[in-house]
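So, here's a batch of structures to check.
You will see chain A twice below: alongside chain B first, and alongside chain C after that.
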Partner chain A sequence: MKVKMLSRNPDNYVRETKLDLQRVPRNYDPTLHPFEVPREYIRALNATKLERVFAKPFLASLDGHRDGVNCLAKHPKSLATVLSGACDGEVRIWNLTKRKCNRTIQAHEGFVRGICTRFCGTSFFTVGDDKTVKQWKMDGPSYGEEEEPLHTILGKTVYTGIDHHWKEAVFATCGQQVDIWDEQRTSPVCSMTWGFDSISSVKFNPIETFLLGSCASDRNIVLYDMRQSTPLKKVILDMRTNTICWNPMEAFIFTAANEDYNLYTFDMRALDTPVMVHMDHVSAVLDVDYSPTGKEFVSASFDKSIRIFPVDKSRSRYVTTSKLFFLFDVFLS
Partner chain B sequence: METAPKPGRDVPPKKDRLQTKKKKPRRYWEEETTLTAAGASPGPPGSKKRNRELRPERPKNANITKKSRISRKPHLPKKPRERRNLEPQRSVSGAQDPFPGPAPVPVEVARKFRRIDKSKKLPHSKSKTRSRLEVAEAEEEEISIKAARSELLLAEEPGFLEGEDGENTAKISQADIVEAVDIASAAKHFDLNLRQFGPYRLNYSPTGRFLHSEALLAVAQNRWLHIYDNQGIELHCIRRCDRVTRLEFLPFHFLLATASETGFLTYLDVSVGKIVAALNARAGRLDVMTKNPYNAVIHLGHSNGIVSLWSPAMKEPLAKILCHRGGVRAVAVDSTGTYMATSGLDHQLKIFDLRGTFQPLSARTLPQGAGHLAFSQRGLLAAGMGDVVNIWAGQGKASPPSLEQPYLTHRLSGHVHGLHFCPFEDVLGVGHNGGITSMLVPGAAEPNFDGLESNPYRSQKQRQEWEVKALLEKVPAELICLDPRALAEVDVISLEQEKKERIERLGYDPEAKAPFQPKPKQKGRSSTASLVKRKRKVMDEEHRDKVRQSLEQQPQKKEKAAKPLRARPSALDRFVR
Partner chain C sequence: MNVVRAAESLLALSQQEELEDLSKDDPLSPSEDEGDIDGERKHQKLLEAISSLDGKNRRKLAERSEASLKVSEFNVTSEGSGEKLVLSDLLGPVKTSSSLAAVKKQLNRVKSKKTVELPLNKEEVERIHREVAFNKTSQALSKWDPIVLKNRQAEQLVFPLKKEQSVFAPIEHVLSGWKARTPLEQEVFNLLHKNKQPVTDPLLTPVEKASLKAMSLEDAKVRRAELQRARALQSYYEARARREKKIKSKKYHKVLKKGKARKALKEFEKLRKVNPTAALEELEKIEKARMMERMSLKHQNSGKWAKSKAIMAKYDLEARQAMQEQLARNKELTQKLQVASDSEEEEEGVEEEGELVPDAVNEIQMDANGPNPWMLRNLSRGTKEIKVQDPEQLPEPVAHEASENEEEERPGAEEEILLNEFEERRSLRKKSGLNQDAELVSRREPKGSSSQEVLSELRALSQKLNKESQQSGKQNVSSVRTVLAVQREEPTEAEEEPLLLQRPERAHTLEELEELGKEGCFQNKEVPRPVGEGQQSERNPDNQPDAPKEKKRKEQMIDLQNLLTTKSPSVKSLAVPMTVEELEDEEERDQKQMIKEAFAGDDVIRDFLKEKREAVEASKPKDVDLTLPGWGEWGGMGLKPSAKKRRRFLIKTPEGPPRKDKNLPNVIINEKRNVHAAAHQVRVLPYPFTHHRQFERTIQTPIGSTWNTQRAFQKLTTPKVVTKPGHIIKPIKAEDVGYRSSSRSDLSVVQRNPKQLSIRHKKHLKKNSVD
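Coming up: the complex of A and B.
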């Protein structure tokens, strides 16, 4: 008779010393792994639940403004500095790591409509309801000096937005028309307009730095060329666009935050159809900003939620809501 | 989209690139075209398509208005499949590979790893769904081949027992096997003489350790169910489970199923400590119970010859199988859930097919009815009849045991009261009047265990980790059903249900074909008369199709109607339509 019994040598299965790793022999036979589908289902369910349990997105609130915050700006060189403009004309500079306010400036009488930082980080510009554009130093006034703007420009009409060129000493304001200003001059270098309605926001392209985009209240988005001082192209949508944001990695892509609850990502070279329509908000989208990687953007909406969308997908990958406040401005750094 | 009027710059149009294609320079590794045809080594891999994420296909017509703003999904690049030359490669010495191509893979082994049931086709599926399913099937094939290749790494071989020159293996006694086998295996055969207390039943833990190093023991005592820890301290006394006759533990659901004399099947969740379901089996005293390790369904055997299948989610049994003429005395299900062995008071031992038709595959009359049945991991069936244990084996792992000739037999010193195969050892534990005997059964157990599921050599830390993970993955009791892969299927029934509800709610079927509206044509072809004529033409065509279909169905109906007239003709037949 031929007989063989199954006998395992424990030396092959138990580790030799305490410093060794434990041996884990594997057999992938499906009969040894029953209930694959229900166990995987439970694992996926638990993973999703735990991910939401451990997601604590709200870190801190920066208190100090006495009136609603109207606009925000990031510092181009320092990750911890944030500037905010309020509806009573106050501008505050915050330190995010210490969660404290560094400086307070009473910049305007009336709303602060727009705030933007210069590319070098040494100064910033504000526009307000008092029809002025003011340039301020980023560092506080030294001992003995008073808080005063570096430069004040008096305009004839109310300006509703401002953005600074990414490389040159040029900035653009928008109101009745889009004005390109040189920092040293008190009157605009050129004024561009297409159509008769007021323009709510303007943004410079970070890569092709001579390009500008603006949103007007007659539901259109107009692109301008600074070198030729003329508007280039226009796309008319169904409802008004609140802001646009250029993709910092792809030169010709921009995303528009629209009142019809969607965001539209356009390629500047072909404006007849958007590259992607991002649909997830349930109320008007008020602001949008890109991540520095250029792969995602965050959008804030009137339905009190913030969503993060990947650039190539039409649905958001992350959402946070709040019960308290309305969001007018958002940025990603 | 509007373009601002430019003052007067005309950019010259780009030349058509396809016309002016340059000839690629010949590289030093590329041989002449004649030589490459004979089978030279493959050149550098072809350039992959660039990822086109943000550049979808532009629509052809440029005059698109706002309506078509929603773009199609961007076109995903297909993964380039590298097709290597299967012809023998030329090396410097001129030698050729005698075994060209990849190593052959045994087909049955690869089939073991396939999980998609290709015979199930989805009704009315769209082409996108179908293409996705095809991709999944192709991936599964590749993966099953790779898994089949990895079987080479399994260290152990199963045991075997073969007689020489037509010797009957059933005549070989345990003592002979103990002499012929090595010391370690011989030590696994022992007899515990425990004459003091009553007949003994036994149970092995899933890792194969004999009754110790697991934390909890549940014991059905005289009146109630008691739970002890491994030191013998009583932890719980569950009074809701009274007069329990049988216990079964479902390890992946952490459910303890108890069958009682009162006719109730109670499921107790051991991790939470709650009774999940108490089902009234409505069949009197429950004495025969086993679990199906494949889908965690409990099989109860009744005194009218029926085996009923229970799940805690349903108040009624999932299925009832008529097995024997008299009462059912023992039930056992194999580890893959394919075969069920039952034995009854009519002295029959039958094997049923559980995964297809629930029909008996084979039957055998025994001189004495088998009161206990057990399946081993590799499909061996052990039956305890009086004081004799018989073991039957099948051809391979996947076939049912053939009941013609027993594989091994053994006579014990007392009547058999419990049978259980040890999970990863070639050992059968028998509990009887006089104590416990452990029998050697070569080839019973699965030789290669998986370290992450049940590892007999695990350390304390590994056991703790495993326990935490098992509790996190605990499957809820509601998911127990006859097909454990039911969650992975497309829910066709509720889709159809939804469609019906939508039709009821809306009052009409939104997806039904709209009635034919003739297109308005120019040049006088759209007068009322011609419109009516066109409508009539389409209606007539549909009518003709319907008539044709009904003509095809008529001979089938006639066949069905002809059958009942096989009975004796009576005078009243003229009134039958």
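Coming up: the complex of A and C.
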């Protein structure tokens, strides 16, 4: 006759350390847990609702500018630092964690048209309506020192945008033509044109760093090769493109923010048709920026809304609306 | 003034003319012609003078008036001819002179050469440049394709992609930044200082570090030397073995073998004294050798060599001896070892008896791999039993024995054992939640395998019972002996027994189940149904979908429509022993009672039937009645159109297809599209799925932690992208993914070929400055 004893092995219910989770014995028998699908549906619905209820997308506003903010830039080495250029020529450097302004510079007379940081994060460049390109140190001047730019380049025409190379001491400006500058020189290393309209923005490719993209007011997007110093290809859309942005994880993908309320994601090698058309905005899209993961991007529109699009979806996953924007955006982990 | 001067000159001219005229008239004058020419010239001059007189500015200087059409001897002129000067014209006169042949040749060559084409215009050149550059760049970019694809398809991406390697900091570096703060620390620090221990200085000097590394090298050297030695030894040994193998002398080999055997025996003896477990192992080896010998016919005079010897044996003593030797060897090898226990000795005796029919026995022994107590006992049973049973059923008696061994061994007790077994099985089934079905012995349910199993099992068991009782007489003796043997066995073995027993029994029952399941399938057909038709019923909803099938058969007794309302009597299977059934019934009754109490006054079935009736009514197409009271008749209050009229104007809608739940009494199938449900349905099949069933299946599987284990839940809900807060995600780099990025900097390339661009820029600047 076999006698079955109740045996309890402490290993089965006593945790080894205090940090371990308590073991909860559970019976996974499906008959004990019926209605999986309806229950899960309700759970998912509740979770989504709660997420909406408790979402606080707006964290803070950074007060200080006396005029509208025209451009923004993020710091490449510090997640908490953001730079902003205003319409009265003022540039401010902000600390996001403290939500305070670290530094204020009267950089230009008139608009600050473009602002970009150097890849090392030690200095930044601004272009303004006063036809100058100025390089500034990121750190403030020491006591008793005058607030002065490191370099000032006086140009012949107004520059409308600026972007810095991702690896080298080179930057590009745009205006009547795309100029590529060596930081040490006062004249551009080379300048590239295709057509005669004013170019509104220029962007370096973050992966294949010799590639540039620009968009002009004659409705086209032009790609340039810095090494061969020629334009590569031009695509003409129905309406003007305001900005383009390269995907930081996929070398040949870029997204263009267009006036026809849409965003177009292109494969650089096949410009005939866009890879994806992102629509949801109800007015001209003013700016676009990729998330560093390359999976999403955020766009700002004249309809006073910001939308977040997944790269492979044509509809946005998130939207916020506010009063008025002109936006360049920051989107970090 | 001018005019005056002109007049003067004119005057002078006229005077001169007069003079000349005078001379002309003179006979002394030269020839007439001369005079003529002279006159002409004069006339010309006069004309000139006159013409110069009237226009102030028209004073032309002397004009050469050579005849243009005439080619003079001294002059070449192309004027007026309207012809181009062609090379051939020049060559024409050269023909005759041979001295100019070289020049002629040269000229000919020049003539044959084509002119260089005009350079392309700037736009076109630029376009070509652009195209070439674009192709090159897009080719260069294509290297990213696999990486992009991989990242897109990745189940999970963890950013930053490049893991920052944790910097290995030597202890000294860590220490250098550390200072003693607490009193205890300071105390320790002081102590260390007193003993002159290095605290912040590097614990090891560079020389020491180097020496440490050198030590490792030495180790390596030692190891290498060892390996070399081992290899050398092996090769020596191999060489020796090869040499020895070549020796043909039989005597040598015999001596060698004997020596080896003696040595082995000695060693074994020694081992037995020193290490009994190792000795046992050795023994096992010998046992195995014995088994191998028994399996083979190697030394049983059945080989080619043996047969040839057998022919010779009559005449040749040596051959006979050789054969005998072989047989002796066989005997020696197959002999049981004396070390084994007494019981085994006994068995041996039995075995020897059984050697009359050695083949069957041998076969069984072959089946067993290693020393298996089962087989031994099985053998002791005698061969008859084995012959009775099919090879399939062979394991069965073993199982019985297992139970027999545990219980007291009596032939009468076997029934009890069987009952126990049955109970055990049923309890097992209860655990699997199939017990309810199992109770029903339903023949028409092809999928209800469990019920079939029960039936077949019962049958099999009864068969077994019979068999056992038949055999009991024979078995008795042997089984008793086995029991005794078991009792007499060493305690260690007895301890092992239950463990050993369990395994084969379990495996066996599984096998048995399968077998019996098969058996049951065809047995069912033959045997008349044990359960009456009236007793067939559906108690649980699982059985009900089978209702239509049932209807097809003529044997149906219960009205389908009343199926829900009829009472389901408990099923009685004849084969189930009464005691067990009673127990079951009691339990069920209790449960039923409880359910009844809980849902008293809650007539779900009637409600359902009512609901269904309503649904059927609602879904029926309605007839259209177009009769107008008072039309073609007298009008007024309370008039009803006649039945005839009504029939005439009644438009009967055609009968729709039969309802799908017509034959399903306990189901309502609503075929209308449910708007509320539609809100939760997808319109198109989502991308990766190719068939709606796949999609439905994935949707059906729950992902929550309620339905999955923690591990599975975590796996199912892993986020696609994982980022670490506070870490900067840099754009992907060629070096990160194993590509070689161009070493030349982009800028240097630009500076190297400033060419037309700088020029263009200069131009541009110039233009700007002009503007």
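Observations
Here is the rule we go by: the second predicted complex is superposed on the first by the 274 of 333 C-alpha atoms of A that agree within 3 Å, B and C clash if a C-alpha of one lies under 4 Å from a C-alpha of the other, contacts with A are read in each partner's own complex, and residues count from 1 in each chain.
In the analysis below, a residue touches a chain if its C-beta (ideal position, glycine included) is under 8 Å from a C-beta of that chain, and two chains touch if they have at least 3 such contacts.
Here the structure is a predicted model, which means the values were calculated and not measured.
Of the two partner chains, chain B and chain C are each touched by A:41.
Look at A:276: by the touch rule set out above, it reaches chain B but stays clear of chain C.
Of the two partner chains, neither chain B nor chain C is touched by A:121. Applying the stated contact rule after C-alpha superposition, one finds that A:168 touches chain C and leaves chain B untouched. Of the two partner chains placed by the overlay, chain B and chain C both lie in contact with A:31. Shared-chain residue A:68: touches no atom of chain B or chain C. In the superposition on chain A, A:209 makes contact with chain C only, not with chain B. Judged by the touch definition given at the top, the superposed model places A:141 against neither chain B nor chain C. When the two structures are aligned on the shared chain, A:156 is found in touch with chain C, with no touch to chain B. Shared interface residues of chain A, touching chain B in one complex and chain C in the other, are 2, 28-31, 33, 36-37, 39, 41, 43, 230-233, 250, 253, 312.
On the side of chain C, the complex with chain A involves touching residues 126, 129-130, 133-134, 136-138, 140-142, 144, 148, 151-152, 157, 159, 406, 433, 680, 699-704, 706-709, 720-721, 723-734, 745-747, 749-751, 753-754, 757-758, 760-761, 764-765, 768-769.
Residue ranges of chain A in contact with chain B, taken from their complex: 1-8, 10, 12-14, 22-39, 41-43, 46, 194, 230-238, 250, 253, 264, 267, 270-277, 311-312.
The part of chain A that touches chain C in the complex is made up of residues 2, 28-31, 33, 36-37, 39-41, 43, 76-77, 79, 156-157, 165-170, 177, 180, 182, 187-192, 206-211, 223, 225-233, 248-253, 268-269, 292-295, 312, 332-333.
Partner chain A is touched in their complex by these residues of chain B: 1-4, 53-56, 58-59, 62, 64, 66, 68-71, 74, 112-113, 115, 147, 150, 154-164, 167, 169, 172, 176-177, 180-182, 184-185, 188, 252, 293-294, 296, 335-336, 424-426, 440, 442-443, 445-453, 455-459, 461-462, 472-476, 479, 484-488.
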